[in-house]
Amino acid sequence: MLVRLIYASRVGAQFGEGDLATVLRQSRQHNPANGITGLLCHADGVFIQVLEGGRDAVNALYNRVVSDPRHRDVTLLAYEEVAERRFAGWTMGQVNLQRLNPGLVLKYGASAKLDPYAMSGAAIASLFDELIASGAIVCS
Amino acid sequence: MLVRLIYASRVGAQFGEGDLATVLRQSRQHNPANGITGLLCHADGVFIQVLEGGRDAVNALYNRVVSDPRHRDVTLLAYEEVAERRFAGWTMGQVNLQRLNPGLVLKYGASAKLDPYAMSGAAIASLFDELIASGAIVCS
Amino acid sequence: MLVRLIYASRVGAQFGEGDLATVLRQSRQHNPANGITGLLCHADGVFIQVLEGGRDAVNALYNRVVSDPRHRDVTLLAYEEVAERRFAGWTMGQVNLQRLNPGLVLKYGASAKLDPYAMSGAAIASLFDELIASGAIVCS
Amino acid sequence: MLVRLIYASRVGAQFGEGDLATVLRQSRQHNPANGITGLLCHADGVFIQVLEGGRDAVNALYNRVVSDPRHRDVTLLAYEEVAERRFAGWTMGQVNLQRLNPGLVLKYGASAKLDPYAMSGAAIASLFDELIASGAIVCS
Amino acid sequence: MLVRLIYASRVGAQFGEGDLATVLRQSRQHNPANGITGLLCHADGVFIQVLEGGRDAVNALYNRVVSDPRHRDVTLLAYEEVAERRFAGWTMGQVNLQRLNPGLVLKYGASAKLDPYAMSGAAIASLFDELIASGAIVCS
Amino acid sequence: MLVRLIYASRVGAQFGEGDLATVLRQSRQHNPANGITGLLCHADGVFIQVLEGGRDAVNALYNRVVSDPRHRDVTLLAYEEVAERRFAGWTMGQVNLQRLNPGLVLKYGASAKLDPYAMSGAAIASLFDELIASGAIVCS
Amino acid sequence: MLVRLIYASRVGAQFGEGDLATVLRQSRQHNPANGITGLLCHADGVFIQVLEGGRDAVNALYNRVVSDPRHRDVTLLAYEEVAERRFAGWTMGQVNLQRLNPGLVLKYGASAKLDPYAMSGAAIASLFDELIASGAIVCS
Amino acid sequence: MLVRLIYASRVGAQFGEGDLATVLRQSRQHNPANGITGLLCHADGVFIQVLEGGRDAVNALYNRVVSDPRHRDVTLLAYEEVAERRFAGWTMGQVNLQRLNPGLVLKYGASAKLDPYAMSGAAIASLFDELIASGAIVCS
Amino acid sequence: MLVRLIYASRVGAQFGEGDLATVLRQSRQHNPANGITGLLCHADGVFIQVLEGGRDAVNALYNRVVSDPRHRDVTLLAYEEVAERRFAGWTMGQVNLQRLNPGLVLKYGASAKLDPYAMSGAAIASLFDELIASGAIVCS
Amino acid sequence: MLVRLIYASRVGAQFGEGDLATVLRQSRQHNPANGITGLLCHADGVFIQVLEGGRDAVNALYNRVVSDPRHRDVTLLAYEEVAERRFAGWTMGQVNLQRLNPGLVLKYGASAKLDPYAMSGAAIASLFDELIASGAIVCS
């Protein structure tokens, strides 16, 4: 059973750019063996992550992520059983919204600052679909 | 929660072209900070305006607009919660129907003179969609 | 409220080609002021006319047309409230089926002779859609 | 081909209660031979009539009605080809709205005074459905 | 054209129970002449009001209500053109949520305290439907 | 924003009946203040829990539950934004499947032993709907 | 493959009541062996018959019926492959419309005289459904 | 009323190639006057014919065809009232499956030999649609 | 993953009533341990069996059944992944069509003799639904 | 009646590459005479085969395949009556997933190793559709 999970979190107090690189390196190390694929977006002090894979594997990872002290307020935005993955090609693709047109964030939210806590899961999913379509995902 | 609001009004007695410029300047000054985007159409003695943004911001603005003495008979045409904006790229785009083919107005109304008070909200929305598609919106 | 009305009639006994020109001239004189647009098709001894416009204007015209002695057996084929016109560009476009491929008439009827009295309103509407698509309408 | 036609009209200047009886008597005399059934509603200075029957018969009658000097502003509200009649049991049923709860008129219109000229065909049809359901039709 | 409008507001600083009676009396005096019907709900320091009627009448009233100093933060929750009213029987029905089962509020919101500012228009509409079904509306 | 979350877990090694009572008491103490409602089902060595409430509150609780050492293999079965709660009446209703007809478990799974890890979220949801309908929920 | 076939015909010149009995006796003799079921309706000088059964059997019978000199103008009204029969209980049920309320015929046609040649297959099918529902079929 | 009828038959014992030419010549002589259009397919000892036209004309022809001794086992495959013809351009188009790719027959049937008696009407219709799309119809 | 499988077979040459009892006894012995439920219908020299359960269990059993010499021509009629069982209450319910009204078989087939080889899977499924609804299943 | 059947199996202990060639040669010898078409996929120690054809022919073959000692755990994934084949052009096309991008397998499953036993029939069908679209099928 394949699932897709999207969550948001707020970066922890001491979180810096080096930490982001560490998280991505960890993800790319662990995920292939567990059949996990997805995207990680870091902007405006929040994370939004998409995780796809077998139901057990995604939940095992989510349970670790929930307790990771590098972020807080971990909040599910969407979760569903899916017939196929949408991000099969990314071990953990990186999205840096700061390099993007603020109009894209404005299109789905009440201000130009990305605030997933004020958005529905469906709006977040549409935003991510548009990110993919516009080639905004750093490979790997 | 994002909403889209469309209303019509009749220009006030002393309203002149200079006033239109003032309204647009005010809009473009205030709207970015409030995350408001939209269109303003002025023709045949009426305004039609589309306002998009967070529910609180759009209502705060609409409540000010309702009391603005530069127009009267302010009347809601359409209002809905939306998953995404349609006019994210315009702080307040300007539409001048007088430069347009009268056939376009005729297509959605009973005469070639624009009369939003005799039109349903859906017809107005279709007219605006066609304006966008035909590039009739002055930027900014 | 916009409506679209389609009716058929049989030409009167003394009706000649000059009369058709008169009808079209009358239509093109009166219709713009009343916000009426449409098509008139004359073939095989019958008329089929489409009238679009505000509900009051279309009915006022239809009531005059019903009593016009130049034709008889005036019969409604279709009438509906519409969100937009389909013939906004024609004050009263002219269709002369005699110059058309008889296959087109056969496609929607039991014989190659146009007989709207034996056709449903929907079939007539499809025939007209195909006329427009094939550019068979004489302008103005 | 069966059709259902609904129209509204305004009673003529000298129209009185005796005239209504005459109209109903005429209808009940002529309609059976022509396979016409329907309802006639008279209230607040307007008529609303539903006519059902074969397409030719209904149109022949409507063409006569349009020119009847006892009313004016005859205006089609709805017309459609139908698979079956809704009023097969009434040669010409009579509805007298004045005996009805004004709430029913208010439910479908902007005021408690019946004004079919300000209502869509669909709203009129719903009002008539409710009249039937509430047994408000005087037999025959 | 009939519309239904739902808005929320926060009661003003000095608002007391006597004021509620005044508002209801005003409503019941003005609304019949304007063909307005609806409900007013007052609870937990907020108002939620449904207004139904002709588009012009409802907007004229809403524009007055927006500027009424007895409340603030007037915010549209829903607005649509409707084929028929849902509250035709109430000049201005009164709903007092404080007498209701808090479970009903909890069913549609994140806590047992009614907070329309945190609810979608659709949730509010469902809550009102359930109020009507459960007979919670004080007549008139 | 209201959400409904369903998860499964396996009871920890030393978990006994007294522990279940503790969990239920904790739930009923904490949940009202956080606007949380739901059901807890304990059978065949697994838990299935439904949590409903505001998105922030449900996620805050789920993050605590994930780390609770009294169970393991905490696995999301379903999560969605909802317009209304289904279990508004239960602070934390208790379901004891052991008292139920094994046919009910068999209906939705491959054997008569409840194994949520082999079931889709939709099957679990159907099973819970049937539990409610059959009155199998111990109050409070 | 099961099919249902409905046709109409006009009774032949010398056809009398005795002939109807003969036709029904023939039908009830032959049909069981061929797995044919259905209805025969005789009124106003026309037949309408429904035949249900395996595709080969129904066609073999229809080919014989087409050449039967006791009627003429045999005309298919409807034919479809069906998942199940609607008249499995009648070897050949008899319907005598002359004993029925003429309103029923009027409901589906332009006059109170049954004329299947002026009706669509769907209207005939609806009329038959209503006959069954009203118990108008003479058994066997 | 337009109908489309599709039937299959088995060629009679003495049927030869010359007979096919005769049938086609007869068809092309009679059909235009009756407003009939269609296709005739002859392969593997069977005919499949599509007949389109007015309901009376198509049935009159089918009744003659049923008794034609040049074929037997005449069996309806499909019959429906249609809004428009699909083969308006062919007096009687000819399809010779023997010149076609056997894969096309295999696609819709259990073997590469065309056997309409083992196929549903829908499968036959799909096969004919594909024949037209692939230009397999000999003109006229 | 739950599946439902329906197949037909023809009884073997020496098959007698005692053999049916043996098959049923075997089924009721083996099925509970494998989580299999279903129905067995024996009539007119054919079997029709429904098997429900986990996908692996149902296939393991079907593979044994296919090779059982007590029947032949084992043929799948329907197979689908299902969200829930329809026959959870029967270890292997028995249906004896010989005691049933032949009209029921006729309703779904071309003759009163049950022939699953000439029926679609959907028709068989409808027949079984009707058997259940009519209480025709011998318990256990 | 055409059907499409998809099953999976695990290769037997001694199965080698030569055996695959033998299976394919057998298939291509037998299938044309039986009107069978399809695909065979061999990867990661499992087979997935699609079989299309008449219902009797496909079942006769499946019953032989089930008992073939060269594989085990033969398990139906999907089976349905179809209006047309999807693989009419392949006597038995060969798919060798080992030459494919592992991302394709990952897209439909929980790991990059093909495991049909953990996939739904629908997911397998989607995977096969994508194989065809990407030209991954070795002809014949």
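We call the chains A, B, C, D, E, F, G, H, I and J, going by the order they appear; numbering starts again at 1 in every chain.
Basically, a residue touches a chain if its C-beta (ideal position, glycine included) is under 8 Å from a C-beta of that chain, and two chains touch if they have at least 3 such contacts.
Only a predicted model underlies this, so the values are computations on that prediction, with no experimental measurement involved.
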*Name, by label, each chain that touches both members of the pair subunit D and subunit H.*
C, G
*How short can a chain-to-chain path be from subunit E to subunit H, counted in steps between touching chains?*
3
*Look at the interfaces C-D and F-I and say which one is made up of more C-beta pairs in contact.*
C-D
_Let me check something: if the centre of a chain is the mean of its CA atoms, which chain is farthest from subunit A?_
G
*Write down the chain pair in I-J, G-I or C-D that repeats the interface of A-J; the criterion is over half of the contact pairs matching by residue number.*
G-I
*Averaging only over C-alpha atoms, locate the centres of subunit A and subunit C and give their separation in whole Å.*
59
*Between subunit F and subunit J, what is the separation of their C-alpha centroids in Å?*
41
*Residue numbers in subunit B touching 2 or more other chains?*
1, 55, 120, 122
_Is the chain-to-chain touch network here best called a line, a ring, a star, complete, or other?_
other
*Check the chains against each other and report every pair that touches.*
A-B, A-F, A-J, B-C, B-E, C-D, C-H, D-E, D-G, E-F, F-I, G-H, G-I, H-J, I-J
*Once bound in the complex, which stretches of subunit J touch subunit H?*
1-2, 35, 37, 53-55, 57, 83-85, 88-89
*subunit G - residues contacting subunit H, complex*: 1, 3, 5, 55-56, 59, 62-63, 66-67, 73-76, 78-81, 117, 120-122
*Complex interface listing, subunit I residues touching subunit G*: 103-104, 106-112, 118, 120, 122-123, 126
